[in-house]
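I've put the structures underneath this note.
The same chain A turns up in both complexes below, where it pairs with chain B and then with chain C.
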Partner chain A sequence: MAIARRKFDAVIVGAGGAGMRAALQLSEAGLKVAVLSKVFPTRSHTVAAQGGIAAALGNVTEDNWHWHMYDTVKGSDYLGDQDAIEFMCRQANEVVYELEHFGMPFDRLENGKIYQRPFGGQSQNFGGAQATRSCAAADRTGHAMLHTLYQRNVRANTQFFIEWMGLDLIRDEQGDVLGVTAMEMETGEVMVLEAKATLFATGGAGRIFQASTNAFINTGDGLGMTARAGIPLEDMEFWQFHPTGVYGVGVLISEAVRGEGGYLLNKDGERFMQRYAPHAKDLASRDVVSRALTMEIKEGRGCGKDADHLLLKLDHLGADVINMRLPGIREIAIKFAQVDPIKEPIPVVPTAHYMMGGIPTNFHGQVVAPYKTGPEEVVPGFYAVGECACVSVHGANRLGTNSLLDIIVFGRAAGNQIIEDLKKSPHHKPLPVDVADRTLARLARLESQKGGESVAQVGTALRKTMQAHCGVFRFADMLKEGVAKIGEVAERAAQTEIKDKSKVFNTARIEALELDNLAEVALATMVSAEARNESRGAHARDDFPERDDEKWLKHTLYFSTDRRLDYKPVRLKPMTVESFPPKPRVY
Partner chain B sequence: MKELERARWRCRRGLLELDIVLQRFMDRHYLQLSDKDLQQFATLLDLSDNDLWDMVTSRKEPEDAGLRPLLELLQAV
Partner chain C sequence: MRFSIYRYDPDKDDKPYMQDYDIALEPSDRMLLDALVRIKSVDDSLSLRRSCREGVCGSDAMNINGRNGLACTTPVAGLREPVELRPLPGLPVIRDLIVDMTQFFKQYHSIKPYLINNDPPPETERLQSPEERAKLDGAYECILCACCTTACPSFWWNPDKFVGPAGLLQAYRFLADSRDQASAERLDNLEDPYRLFRCHSIMNCVDACPKGLNPTNAIGKIKDMMVKRTV
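Take a look at the complex of A and B:
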């Protein structure tokens, strides 16, 4: 079957903040750039980022990038690569001023400088007083960023392929990446998009969990494509859980509710956080509160007929405070929990929020893998940035406001690296003859499948398995069982059947293809988590409650093709400053 | 052809809140919508996520008052 082909200098999959920042760099340099997106670019999940973007501008209180670097290394529970963290923190001011110059509507101080606000985990003077480091556009920083970048890209002639889904990575015999296969949803046609540089910016994959704050589009498509192409995924056991997602739907209830005096209760009406964090109580850090909720449920003190959630009480704050200081919370509770928080508590559970792991890259955005001789060899032609990448600046735990910084710093860095790399290799390499075979085989399987389960059914099984076996708190027996179970789910995912076989706008087919990617991410997560016999950052093991730097100060690499694990050292040596050696992480 | 599918896909948003509300709306109301409603629904779907969410939660009024009946359905799901 002849497949249509199109050639570009660079193909970017994903049009969130990371993809659009990279695209802008490339288009403004005069390169021919295609950006693929499943949805209209400004509807990417970056829009959900509220907190702001971290940069040590020092507009409100004294600050410097080295303090920011320390906070990030400590926050990562020492799993973050210190060269990448130094790179990110040093560039923060510049990229924020650049966004300002692009027209991003940051909030202002009276003196006209960018307004900054304090945020958890940010300190002055290496763990001293609270820093004021987050630059924000009201509580809609991600939204403002996306719109600013989209407008700039349109002006720079970036070519958007909207409602297109990337399907598989194209690699030749040497392992070089030469583009992607992709499907246009409107026609159902598969096309080969040939590129000298292929960049993935496909975002997170929180939809592998039953309780997730992520939008439905976050199915880990870039990770699935990468894993199928024989490139490992890094540190997939590390997922950040937010303690208060609305039970049953996942919608986030902001930390501001507890900041204003709301607190958590178990089925006995007890303020259980007092037992877990006697000082900070309900305001302890996200991982601590999430673990406490999980313990309460595990020990039978959960609420409701299935004893599977806790309650967030705020009625004592009174209608005025709730309406004035917590805008939007009441609407969310009524709409998604069917309770009016002025009268009743909100049912909540710890909810998957952010994936720290991903496609392994260096701080130039180049994908690195141990596929030839060294553990971190550049995969020519392949780049990744944003939540789908593991650079790794967040290590085992991400700090709030560092993800918007991550996507902008590394989006730009990857753009610059591609410009340099294309000067050295300005021509397209010849495509392999079997260029689209993998993709066509997957589609043919779907077309001819008889007697398989529905995508929805297998998707539900996948999410339930991940939630039960690989959630906030992890138990050896549950993980072991989980590896077997998720393996079975992956088998079932490979045999789903769709009723609609038509070509035009077939969302059933799209969802089946998304499930392939979810299955890759779920397997990588479960297998990596089962093997890591320590607790570090977001990975909390019941049987190994301590961090073990002796044995586990290393990055996990998961290879999908034979479900094998390998490890590589953490980059403890920064670019110019002294290393921050691992210390107990106390706040 | 495939208008339902197109609409369903365009209900995929950047905000989970909207994903859920729009999915409920599709399940409960989409098939009963008149041609005029369908057109207005398409107009709403073209809004940015935050603008649409503000209207769904009654924090912002649509510029076109004609969108109100449809918005009321969205507010109630």
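Take a look at the complex of A and C:
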């Protein structure tokens, strides 16, 4: 079957904040770029980010990037790569000012500067008083950012391929990446998009869990494509459970609520965070707060008739503050929890939120993998940024509002790196003859499959397995069983049957292809978690409650092709400053 | 619960038809989108767009019992049965509940939806007072779901000439921004019998907006700006 081909300087898969920040860099440099997105760009999941973007502007309290760096290293439970963290924190102010210049509607202080609010894990003077570091547009910072970036890309004439789904990565015999195969959703047409540089900015995969703050589209497509192409996934055991998802629904309630002065209560009306984090209390790191909520529920101090959630109180902030700073939260609480937070607390539970792991990269956005000689070798032609990537700036636990910073800093950096790399290698490499074979085989299988289960059935089994076996606290026997179970689910995913065979906007086919990717991510997560015999950041093992730097201060690499694990050292050496050596992490 | 849903697949159907579904909902199926996901789990051919499921991405706009809204923020409780679901009116249907939004976005793009400021940017942020910033409230929050524009008769008659409420709300968002320097150019761009002035304050847009925004009010302010600059 002849497949249409198109050639570009660069192909970007994903049009969230990371993809669009990179696209802007490339379009403005005059490169021929194609940006693929499953959804219209402003519908990408960046739109749902609420609380802010971290940068040590010092508009409210004294601040500097080095303190931000310390907080991020500590927040990562020392698994973050300190060169990448220094790179990100040093650039934070510049990229935030740049967003403001692009027109992003930040809230303002009386003096006209960008409004900032406190967030968890932010400190002055390397662990001292609370810092006020998150630059915010009410509680719609992601929306404001994503629309601004789209608008700026309209101005730059960026070429978008809207409602196109990336299907598989194209690598040649040397392992170099030469583009992707993709499907236009409206017509079902498959195309080869050839590129000198392929950048993945496909976002997270929170849909592997049953209770998730993530959008339906967050199915780890970039990770699936990467894993199938033989490139490892890094640190996949580290998933952030956000302390405050709406009970029973999963919709996110921003940490900004606690940043503005809200706090958590148990059934006795006690501010229980004082017991778990006497200093930072409700603004301790997210992993710490999520574990505290889980413990309160486990020990019978949960609220409601089933004692299975806690309460987030903010009515004491007053209607003015809530309406001005947290209007989106109020809207969500009224619609999804049927409570008006001006009068009543919001019922919340820890909810899967963010994937710290991902496609291994360096801080230039280049994908690095054991390629020919070592684990840090650049895979030519391949780049990844944002949640799908593991730089790793978040290590074992991400700090709130560092994700919006991550996507902008590394989106821009990857764009710049691609511009440089294309100067050195300005030509397309020849495509392998079997360029689309894997993709066509997957589609042919779906077309002809008979007697298989539905995608919905297998998807539910996958999400239930992950939820039960790989949650906030992890148990050896559950993980072991989980590995076997998720292996079975992956086999079932390879035999799903769709009834809908239409060419036109066939969402059944899309969901089946997404399930392939979810299965890759779920397997990587469970296998990596089962092997890590320690507790670090968001990975909390019941049988190994302590962090073990001697054995486990290292990154996990998971290889899908043979479900093998390998490890590589954490980059403890920053770019210019002194290393922050691991020490006990208390808040 | 009973649903009657507009179905059309150009790959196999000569013409659209309404299909009835009787489906038992779980207690956790609180929103219309939950019900649609449940229907899709038994009939995978039902096609719709959806993503964030919390009313911020704007994907799942549709016509629900005659009114435009987002499936993910419309509670099923209280909907009249059978719940009649159709694609957004006034745009070509691609399949089932999925419409071709090309014309909608073309109009959005036509208002130059980006900040224009040709001064070299300062070292830090451009200053803006809280009062100046407050003028963007009620405008920047638009999610481009098209509920308003596809509820507007003026857009139905002239989709190629009338910008429509969503595009005009964004035109206002930039006109109102103290950092933007292109007010004159933006007003010139709308000075036309159709682009702005086809709005007859029918106010369907205000009624339809799932985010509680008021495009009619913004359009009125643009008209005021037009008048002010002529006198």
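Everything that follows uses one rule, which is that the second predicted complex is superposed on the first by the 489 of 587 C-alpha atoms of A that agree within 3 Å, B and C clash if a C-alpha of one lies under 4 Å from a C-alpha of the other, contacts with A are read in each partner's own complex, and residues count from 1 in each chain.
By definition in this document, a residue touches a chain if its C-beta (ideal position, glycine included) is under 8 Å from a C-beta of that chain, and two chains touch if they have at least 3 such contacts.
Since this is a predicted model, take the numbers as computed values, not measurements.
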| item | value |
| --- | --- |
| Fit-or-clash call for chain B and chain C when the two complexes are aligned on chain A | clash |
| Of chain C and chain B, partner touching more chain A residues | C |
| Contacts of A:K499 with chain B and chain C, given as first, second, both or neither | second |
| Touched partner set for A:Y97, first chain B, second chain C, both or neither | second |
| First, second, both or neither for A:R155, with chain B first and chain C second | second |
| Contacts of A:N111 with chain B and chain C, given as first, second, both or neither | second |
| Colliding stretch - chain C into chain B, listed as 170-178, 188-196 or 206-214 | 206-214 |
| Contacts on chain A seen with chain B and repeated with chain C across the two complexes | 39, 42-45, 47-48, 140, 143, 147, 215-217, 249, 251-252, 328, 331-332, 335-336, 502, 504-507 |
| Complex contacts: residues of chain A adjacent to chain C | 39-40, 42-45, 47-48, 57, 93, 96-98, 100-103, 105-114, 137, 140, 143-144, 147, 151-152, 154-155, 186, 215-217, 248-249, 251-252, 328, 331-332, 335-336, 454-457, 498-500, 502-508, 511 |
| Chain B partner contacts - residues on chain A that touch it in the complex | 38-39, 42-48, 140, 143, 146-147, 163, 185, 212-217, 249-252, 327-328, 331-332, 335-336, 502, 504-507, 510 |
| Partner chain A, residues of chain C touching it in the complex | 9-12, 28, 30, 40-41, 43-45, 47-59, 73, 75, 94-96, 98, 101, 105, 109, 112-115, 117, 121, 123-130, 132-133, 136, 140-141, 143-144, 174, 177, 179-180 |
| Residues of chain B touching chain A in the complex | 1-2, 5-6, 8-10, 12-17, 19-21, 48-50, 57-59 |
